[in-house]
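Each structure below appears as structure tokens.
Okay, so subunit A shows up in both of these, paired with subunit B first and subunit C after.
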Partner chain A sequence: MVKEIIENIKGAFADYIIGIEVNKNKVYIEVEKKCLRPLVKLIKTNKQIHYVTSVGVDERPLRGGFRVYHIFTSIEEDYSIIIHTSTPQSHLTIPSIVPVTPGANWAEREIQDLLGLKFTGHPDPRKLILPDDWPPNIYPLRKDTPYNIRPPSKPTLYPFKRPRETSTLPIGPYHPLLHEPEYFELYVKGEEVVDVEYRGFHVHRGIEKLGESKLTYNQIPFIAERICGICGFTHSTCYCQAVEEAIGIDVPERARYIRSILLELERIHSHLLWIGVACHLLGFDTGFMHAWRIREPVMQLCEILTGNRKTYGANLVGGVRWDIKEKGVKKTLNVLSKIEDEFKRFIEDLMSIREVKLRLTNTGVLTKKDALKMEVVGPVLRASGVKYDVRKAHPYAAYKEVSFNVPVYSEGDNMARLIVRIDEVLESINIIRELIDKLPKGPIITEEIEIPGNRKGLSMTEAPRGENLHFIITGRDGFIYRWKVRAPTYANIPALKIMLKGCPLSDAPITIASIDPCFSCTDRVKVIDIKTKKTITVPLMRISRGKIW
Partner chain B sequence: MGVNSMTINMLEIIFQKISSPSLLLTITAIITSIILAIILDGVERKIRARIQCRMGPPILQTLYDLVKLSHKEVIVPHGASKFFTIAPKIALVMLIINFLYVPYGFKNPLGFYGDLILFIYLLVASTIALIYGGLSSGNPFSEIGCSREVSLLMANELAIALIIASIAFKTGSLSLNALLENITLTPSILLTIIALAIYAYIESVRLPFDIGEAEPEIATGYLIEYSGSLLSLALCCHIYKRYLLMTLLSIPIYVLIKNIIPVKLNIILGFSLFIAIVIVLYMLYSIITSISGRFRVIHAVNFVRASLLLPIASLILATIGL
Partner chain C sequence: MVKRLRLISTAKRVGVVTRPYPFRPTEVPEEFRGKPIIDGEKCTGCGSCRNVCTPNAIEIEDDLEKGVRRVKIFYGRCIFCGRCSDICPEEAIKLTKEFELASKTREDLYQVIELKMVKCKICGKPFTTERSLKKTLKSVPEELHEQLYICPDCREKSTAYIESYTKRR
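On to the complex of A and B.
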């Protein structure tokens, strides 16, 4: 199928194709920018092609100009198509593909903010990533912008599109709903949500820029793991796999198994965390406490296996740093059987709570058509009836060697998203058992790695929240020239606009939470300075006595 | 009769009232209740914690919280009306007045004819004062919380009106003290007690009916702008309201239990039994709270409407003399 698509492209756009490069199952097609939109339209006519993200690269130090990669992948076959085009510095415009791929909305706005490229024909070219007070004409991801830049503040107001005759309800930047900064503006009539606007990216840490300018290739896995506070290991694995693919090295079998085991443990504790939070949002705090009680042994197990409850620090390019010992294997099996029992009992109780059922069923519905249109990923996509799991479609680590089911439900409501995650926890438990059973002997890391320059690597993993993508271009002296991360929540948040429209206000929090949003994953791109002009340190004692200044 | 003799007469009556053992015990009961209400809230938190496999805070945590809050700075939002600061005080005073009229297992000498109406009136008025205070803060979350609370209140007040009516039919009186004497186990009384239990539960801002606060949804709703001592007062109102509702529900149950046990209770034992019933009911409610989620507004209102059938049925039974 994918080969057919590539033949079609070759046939229809032969005059515009500059070059085709194939690296295993990744096809890089370089085209002239004027044919970009019709070409993407042709690709998107195929139902199994899923748009992932776009990457902007400042190539001026290499060969002049800027380059944009649009990454597409097949949801059935293990193939990815990357369309890229360049533009000289004198003409910073590129045709937008949003009219034919609505899912590219954010990615193009991000490139516009960070590299200063303009996308002609973009329906909504507002600021996305940079804060409201960021001065114009400073583009953080350009190579001539230092990573620690702190430009002067130039306050402007963000142009929210507020519908008429509604009251505005702010959720965030601090709100008990989610314990991370984010800003949703809900427009409500009575108890009904009419529209919603999102303004996020309050917690940029400049991780991509940092990785490109200060860190060497083997330091990045540790910073990549800190992209997310819950599913960090999937990020470091994804990064390592991208580099491994770029430089063409094989990872020892045992290392691949260990990676898979840790990834599945991470999925279990991440889903349990989410189920707890969902209970809390529905007012069922007892469920919240019990979900987290069941989760605790998993965290302790991770500590036994890697030395850390979270942020394992186990990945390096070429393999893993810690081996799983015999004692660890035994402990893992014990913990798994314990949590399996407790989890099943817990789910039985949870499903017998009337309020939980009432409030999850038929709320926050995302139809299959909308899900495909918005290019959502992970449990959100699978709850809307699309069978796409990176572990199956693009097997990595040791997933090729284990058998497991991909739970798919067609209702598309919050209940379906809950059940998908419940099923995935049980699947993960079985996957780990099988992996441990088959765990091969041997080395856990490939030594002596050389990083040649200007190689491209693309890797995807199935994070607990969905498809996670890391794209790298290697640079000189063991540095990474460009490192792009697309976390799953980044793809899922735009779909909330559809899910929230017309839903009662009381279901808005659980619907927002149903995509399991991870704002620190999404907000990872560059350095920002949001300090006010003066900072005063106030002793705690004074605050507690009610005197702030 | 001269002025002097009238004064002496009045003094005599007052002296008799003061020196009567039931008044002394009433004062003791009021003070006990005001303290016990706060402790019971701590017990509720402890019960919830045990059900959730947690240690839970110390029993006196609620008291510590209230004291701590009362030392904190009060921030009045810009543009809030004057009522914002007065509302929690008014609400609390109304509830404290209510403590005077509860028959704590014996005839309350402060009671008068119609104090049942006053009791309910003050309970509802205190809730309305809090809602109005929240509304005057001008916060959108607060507005939504208030509208939710009012829609629940409207549905629920009809229930209590019907309950009072059927009680009045059965006991022939609108006084709380009369409840102590004239209640016998009949179908209508049984239905009334169940209806009252449901009313008390809904009115006590517990899950799944705490839609007006709903922390994850509307960030504590009508309480959102309250801080410091004002928040402390508002929380106090919640705690006392819960306790008062429990005492109201305990009266008929106490009478039924007293009629069953063969021993004749003296005034002290009666009081102890009454408080014991209050505590048990309070703990029962705590357990229900911790195993439920939160209703959507429409579900909550529909539930209240459906539960109206009970007081209607009991009223019908009462009118035909059952």
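On to the complex of A and C.
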């Protein structure tokens, strides 16, 4: 299949291809920027190709100009195609691929904000990442911008596209239930949501810049795992795998197994956390308490296995730092059988509540067509009937050596997303049992690593929220020249626009939460009466229970 | 309606799971990584831990007036990864099980170690710690010991002088 696509590309765009480079299952094709849009259109005609993200690189210190990588991957076979093109500093424009790949909308706007490239033909070139008061012409990811820059504030108003004859309901920028600030503007007619605008990145921490300028390659795993407060281990694993691929080293078998075990434990506690939060949002606090009660032993198990409840500090390039000892194996099996039993009972309890079923069924529907168009990932995609799991399609760590099912449901509503996650918890329990059973002996880390410069590495993992991507280019003296992270929620948020359209206001909170987003703190809704200019503040909890005034 | 009564039986079966912390102390497993402590009797002030520390929690500064090197660890920045203890050649850093670090003053969050420094025989500037020098003396033949009491700057100058002198001749 990959050969066929490359032959097609070669046939149609022979004059525009500058070079083709193959690294295992990754095919890097360098092209002239002129042919970018028709080429991407050709690639996208293949149904199994999924667009992941775009990476902008400031290459001026290396060979002049800027480069953009568009990363595509197959949802069935284990290969990825990376199309890259460069542009000199005198012409900072690149044709946009959004007209042929709607999923690239955010990625291109991000490059525009952080590197100052312009994408011609982009349908919506508004700011995305940078705050409203960020001054123009300062581009944080350019190599001549210092990592600790604090530019003067220059307040501007964000141009929200508000539809006419609707009321505006802001949700955020603080959220009491999820863990990061975000800002949704819901446009409502009566009780029905007509349109949504999203403004996020209030907590954009510049982690990529910090990793590129201040930290050495083996310090980055410790900041990579802090990208997410729940699924941190998947980020450090993904980063380490990208570096390992770039420099071509093999990770000991035992280390790969340990990584998989910890990744699955993370999936279990992450899904249990989400199920709890979903219950809480529905006003079913008993469910929330019970889901978190079942989750707690998993956290304590992680503490025994890695010395930290969140598995922090366990990964390094080349392997893992802590071995799983005999005592850990026993404890793991104990905890697994306990939570399996408790979880099954809990799901029966949960499904016996009529209101839970009614609130979730047929709300926040995302059809298969829309899911593919918006390039959503993870449980959201699988609940819309697409069978794509990175663990199956692009096996990493020890996933090749275990057998497991990928739960897929075609309804595309909030209920399907709940059931996918429930099935995945049970599936993960079995995966860990199998891994522990097969756990090979041997070393857990490859020592003595050298980092040659200018190597590219790309790794994807299946985080609890979906496909997670890390892309690195190595630099001099053990530093990383470019480190790009694309977390799963980044791909899922744009799809909320479709899910929320036409849904009643009271279903909005659970639908927003149904993608299991990573957001935070005390949120409330401000209702502004336009006639009297009076402002009333309503907590989200009341809206989620259907009471607004 | 009857179905949801299941929850009552679940609640009865499970009982109370909340732990009475902080009214009663809680236990952490053996593997737990808490507050790192530097052993002032072993540390040579080499700076390996500072180089490997991701969040810059460890700082090393030389007080030339008093002739001491200070190794400071700030728990406000520490992420308890334990890389410092992995890397320490003297095994001077141990991670304890202590995790209740909240404090009203910033000073409580520091551990500071002072190490006596050796003065250079030529310029008189303190340049390394006594303990580190003692360690190097053990691994170097005796005829070179004299050289080790000279700071790197002066050593460079003297070799440069010798080189230029030999060249001239």
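Simple rule for what comes next: the second predicted complex is superposed on the first by the 512 of 549 C-alpha atoms of A that agree within 3 Å, B and C clash if a C-alpha of one lies under 4 Å from a C-alpha of the other, contacts with A are read in each partner's own complex, and residues count from 1 in each chain.
The criterion applied here is as follows: a residue touches a chain if its C-beta (ideal position, glycine included) is under 8 Å from a C-beta of that chain, and two chains touch if they have at least 3 such contacts.
Being a predicted model, the structure only gives us computed values, none of them experimental.
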item	value
Contacts of A:296 with subunit B and subunit C, given as first, second, both or neither	second
Partner chain(s) touched by A:191 [first = subunit B, second = subunit C, both, neither]	first
Subunit B versus subunit C as contact partner of A:345, first or second or both or neither	second
Touching partner for A:286 - first (subunit B), second (subunit C), both, neither	both
Partner chain in contact with A:505 - subunit B first, subunit C second, else both or neither	first
Contacts of A:166 with subunit B and subunit C, given as first, second, both or neither	neither
Subunit B versus subunit C as contact partner of A:356, first or second or both or neither	first
If touched residues of subunit A are counted for subunit B and for subunit C, the larger one	B
Partner chain(s) touched by A:306 [first = subunit B, second = subunit C, both, neither]	second
On subunit A, the residue positions that both subunit B and subunit C contact, one per complex	286, 290, 293, 353-354
Parts of subunit A lying in touch with subunit C, wherever the complex brings them together	215, 219, 222-223, 226, 286, 290, 293, 296, 300, 303-308, 312-313, 321-322, 345-346, 348-349, 352-354
Residues of subunit B touching subunit A in the complex	48, 51-54, 71-73, 140-141, 143-144, 207-208, 210-211, 214-220, 228, 290-299
Contact footprint of subunit B on subunit A as seen in their complex	167-170, 175-177, 188, 191, 279-290, 293, 353-356, 358-359, 504-509, 544-548
Residue numbers on subunit C that touch subunit A, as the complex places them	3-4, 6-7, 10-11, 14, 17, 28-29, 31-33, 52, 54-55, 79-83, 86
